[in-house]
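Below is a structure I'd like to ask you about.
Naming follows writing order (A, B, C, D and E), and every chain is counted from residue 1.
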């Protein structure tokens, strides 16, 4: 898990809890019915919009986004350059065995097609369809969390309205206003917290992670096709190096 | 109907009703004039923007989005691959009978044109126009529900303003403020609930369902044209498999 | 005028008026200075952004959007197909007289160019420029109403702020708060009502109407060029039929 | 200056001032520190985002947008058609003298390149780069006013928060609440007024004016290249007429 | 550092501080726990969305945006034109030494490829990938500050809700309301101030600076390829001059 994420979650929760405890009445902030109306309502609205399998599948997407390692781009480029050298020296058929040992599934499947003699146009077509499918899945994950991030504050407001209306309706004793308002506002608090410390940051994470993965996959497509075209390993390296940040490049060159 | 939708609707309504009942004064939340100003107002504003037949037609679109089954993509791909095998072996004219038995209307109409010897460019043109028309109809449906989802909270606020102004104007007895406010806030509550538990989730559903259907239709166009070009069934299968999620692919291969 | 629009306007106004009257103090809702600050202010801000002739011209655009009939697409397609039959049989020059009798100005001007022997590229260029000009005019109309729909609530809030500040400043007698607040809120009410029952729905209508007209015009361009290329009437009919909704197609075929 | 702008500014200011005066306590609305926090704050935030020369240059852009005359498109088209006639009859070199007398700088510089025998591709490239640069400058102007239009209400709210916090902190005498609130709200009022009567309308004006100018410049590019290609003056006229609204066309033809 | 930025920061801070001091109770505005919940919360939510190295790297991006000098475009164009003259006279190989002395890294690396005889297509590909990578990094920087600018007011509201709920809950003595509200509102104030005087202006600065840099880099790509194609220095100058504002051009020509 990325260090930033851990720091973010721990410090975010710690800050909010500390602020609540310092306020002197932490008990009121643990209110199960309020939690249910906010989280349940936001989940219900999201379930209406999406299919069950998508909503369940999203946990998988999140798990990957937070726990899977970033690809080591430099190692990947070196791998591709090696393959291109061998292919140039010994021919495309000779690298058959090498290809089976490639750990990156996307690169391996691309190289397998090269070895099989598939036409470049079809390889590009298949790899890009695969890539666009991946983007689509990521996009769906972001959409689900963005929906939760919009519905949570909305149901927070709905909960507060229910509380306010009930309280105002039965208002005999003005000294009760304070307590009633406090309870009514808890759902707004939950909604704001859920959206800004959970749902929206996760949606952001999925978006950023997706952009990274797409970049890597585009680099792999470029590399696979360059090998097939028999380009010079130096040219391939130069091309792919462009996908790295300048800092990484300096290190490796 | 998708399970998620049923869970969403039932649990969403249950949560809100429970919260209201727990608040102790559920009667105030059933207020017909408030309902009318919110739902009537939002519907009126939407009717001004769209044509009557579009607004009436939208119910049909919603019914399909929620009740029609998802297409079984794997079966569809198998069907297309079978057709391509037969066409390759026996010629395009030989599959005339098969074509008449295709259950998917879009695939059938495409294959009919192939059998009739229509030019590929025209087939693509006709099928894509059909597809873009479908997207247009879906888009209109989403637009209508998005409009309702924007106008409902707006008329909720308008209702609350009317209530507040009337109450404040006649404010002789300060003890009446509570009750007046409670009634005034009911329309805001209806507006928020209608938008977030009904209109916006439906708009979201239409958008997601539309994206799925478009994907299937694009796959069919790809398949029909591949058959016409006489591509090898294996190539066709490989191409179309890319439209499936990796999970589905593993199962079938 | 489209039935939906009439129903929308009548029911929307009726609902709001009924709600106000039921509140018991309808007189306060008729407040000329408040109307002036909201409508005058929104109009003033809009006039600064646009040219006078554009703002005046917008009324014309609105009139057309609400009162002109939808084009009968089926009749139009039949007309084009007839023309194509005659042109194929008797030559392009022979349909000169027919062309003069075409009622649709856009189709007629296109066919005139065909009869004159204008090059296809130029015909497409001229018709598409005309179309893009039409879209631009519609877009300007929508922009003006969207601007009004944004400025009206803003000036509603400005009016309320002026009222509130004045009232709070002179607050000697706390029992006056209610009345002062009531008056101050009137402008917010006008702003919300104007935006949500007038300006935004009209902007939406213009957008929807524009999309329809563009579709029809694109169909005409397609038809005119197909006639010039001498395509078979059946092919032309098939192509143009795609612009119809499936329901309309069934009826006609 | 466009009449609409003058009407807009005068009537907008008059309406707001009248409303304030009718409220009975106009003095409170002139509060220099509040003005400074709103206008100063919005300007400060904008200065951080842009370069000094851009912010200073924006006044120039505004001046042009409001005071420069709209181009007379009809006259311009006639000018281009005349040039094309002469060029056709006497050759491109013969119009050298005419070209020097063209008053529109953009048309003149384009025609100069034609006379110099510059290649069409380069002429288009240079004229379009010039056009895109103009759009960029206009865009920057709009961005600056949009930024001001966003920051002004934000600093209005910041000012009100400062006022509220100070007042609530020192709240010994409840009768002081009214006056304190009134003063605190002044900044919110300034922010709303500045955004909705000044900054946003100007940003809108720049956008609209830019679209017009771009249209004219595109027409000129089309005309210059048509002359170079030696197209028939009638064809050129027909092409350029498309850039006019139908009303203008009727008048001229 | 750009003068506008310094003026913006100094005047913005001065205005807010002056307003606070004039309010008479400046001490309440320095409240460390409130600062922590707003800045800490916004940072925490941002850390969850991005990677640690990105968030740390952003400071570098900001430093560059504010402190690095704008490129002197005129000097750069002159440099390119000189190179093109020499290359035309003495051949591409002869400018090897000149190329090593070019101070602009992007121009130098481009010219090195020219001297090495790299194919134009590859040069364009490599330079544009580099450029798109740069844009990506700038975009990420903007995204981080936009995220902070959205989360800061959100956590300001969360802090205020915590304060309000705590205060209302323990409301025995109505005279305490004022002070409690004042403290609760401090976080909203911090959130608004952080977003509008720090985070959003910086995001704007990064966007504007990025657009400038991209323009310069595009000009360099154009120049490098023109030199390789052996275009006439005058043509190159004319082309590149188009990237300057008219004012700069007048000066230089």
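To be clear about the criterion, a residue touches a chain if its C-beta (ideal position, glycine included) is under 8 Å from a C-beta of that chain, and two chains touch if they have at least 3 such contacts.
What you are looking at is a predicted structure, and each value in this text was computed from that prediction instead of being measured.
Visitor: Which chains sit in contact with both members of the pair chain B and chain D?
Guide: Both chain B and chain D are touched by C, going by the contact rule given at the top.
Visitor: Report, in whole Å, the distance between the mean C-alpha point of chain A and the mean C-alpha point of chain B.
Guide: The computed centroid separation for chain A versus chain B comes out at 25 Å.
Visitor: Counting in whole Å, what is the centre-to-centre distance of chain A and chain D, each centre being its mean C-alpha position?
Guide: Here chain A and chain D have centroids separated by 41 Å.
Visitor: Give the residues of chain D that touch two or more other chains, as numbers and ranges in rising order.
Guide: none
Visitor: If each chain is a dot and touching chains are joined, what shape do you get: line, ring, star, complete or other?
Guide: It is a ring, because the chains touch in a row that closes back on itself.
Visitor: Take chain C as the starting point, go toward chain D, and spell out the full loop of chains.
Guide: Order of chains in the ring, chain C then chain D onward: C, D, E, A, B.
Visitor: Spell out the residues on chain E that touch chain A in their complex, using ranges where they run on.
Guide: 33, 36-37, 40-41, 43-52, 54-55, 122, 125-126, 129-130, 133, 137, 140, 143, 147, 151, 154-155, 157-159, 161-171
Visitor: Please name which positions on chain B make contact with chain A in the complex.
Guide: Residue positions touching the partner: 2-5, 7-9, 11-12, 15-16, 18-20, 22-25, 28-29, 70, 175, 178-179, 181-182, 185-186, 188-189, 192-193, 195-197, 200-202, 204-205, 207-208, 235, 238-239, 242-243, 245.
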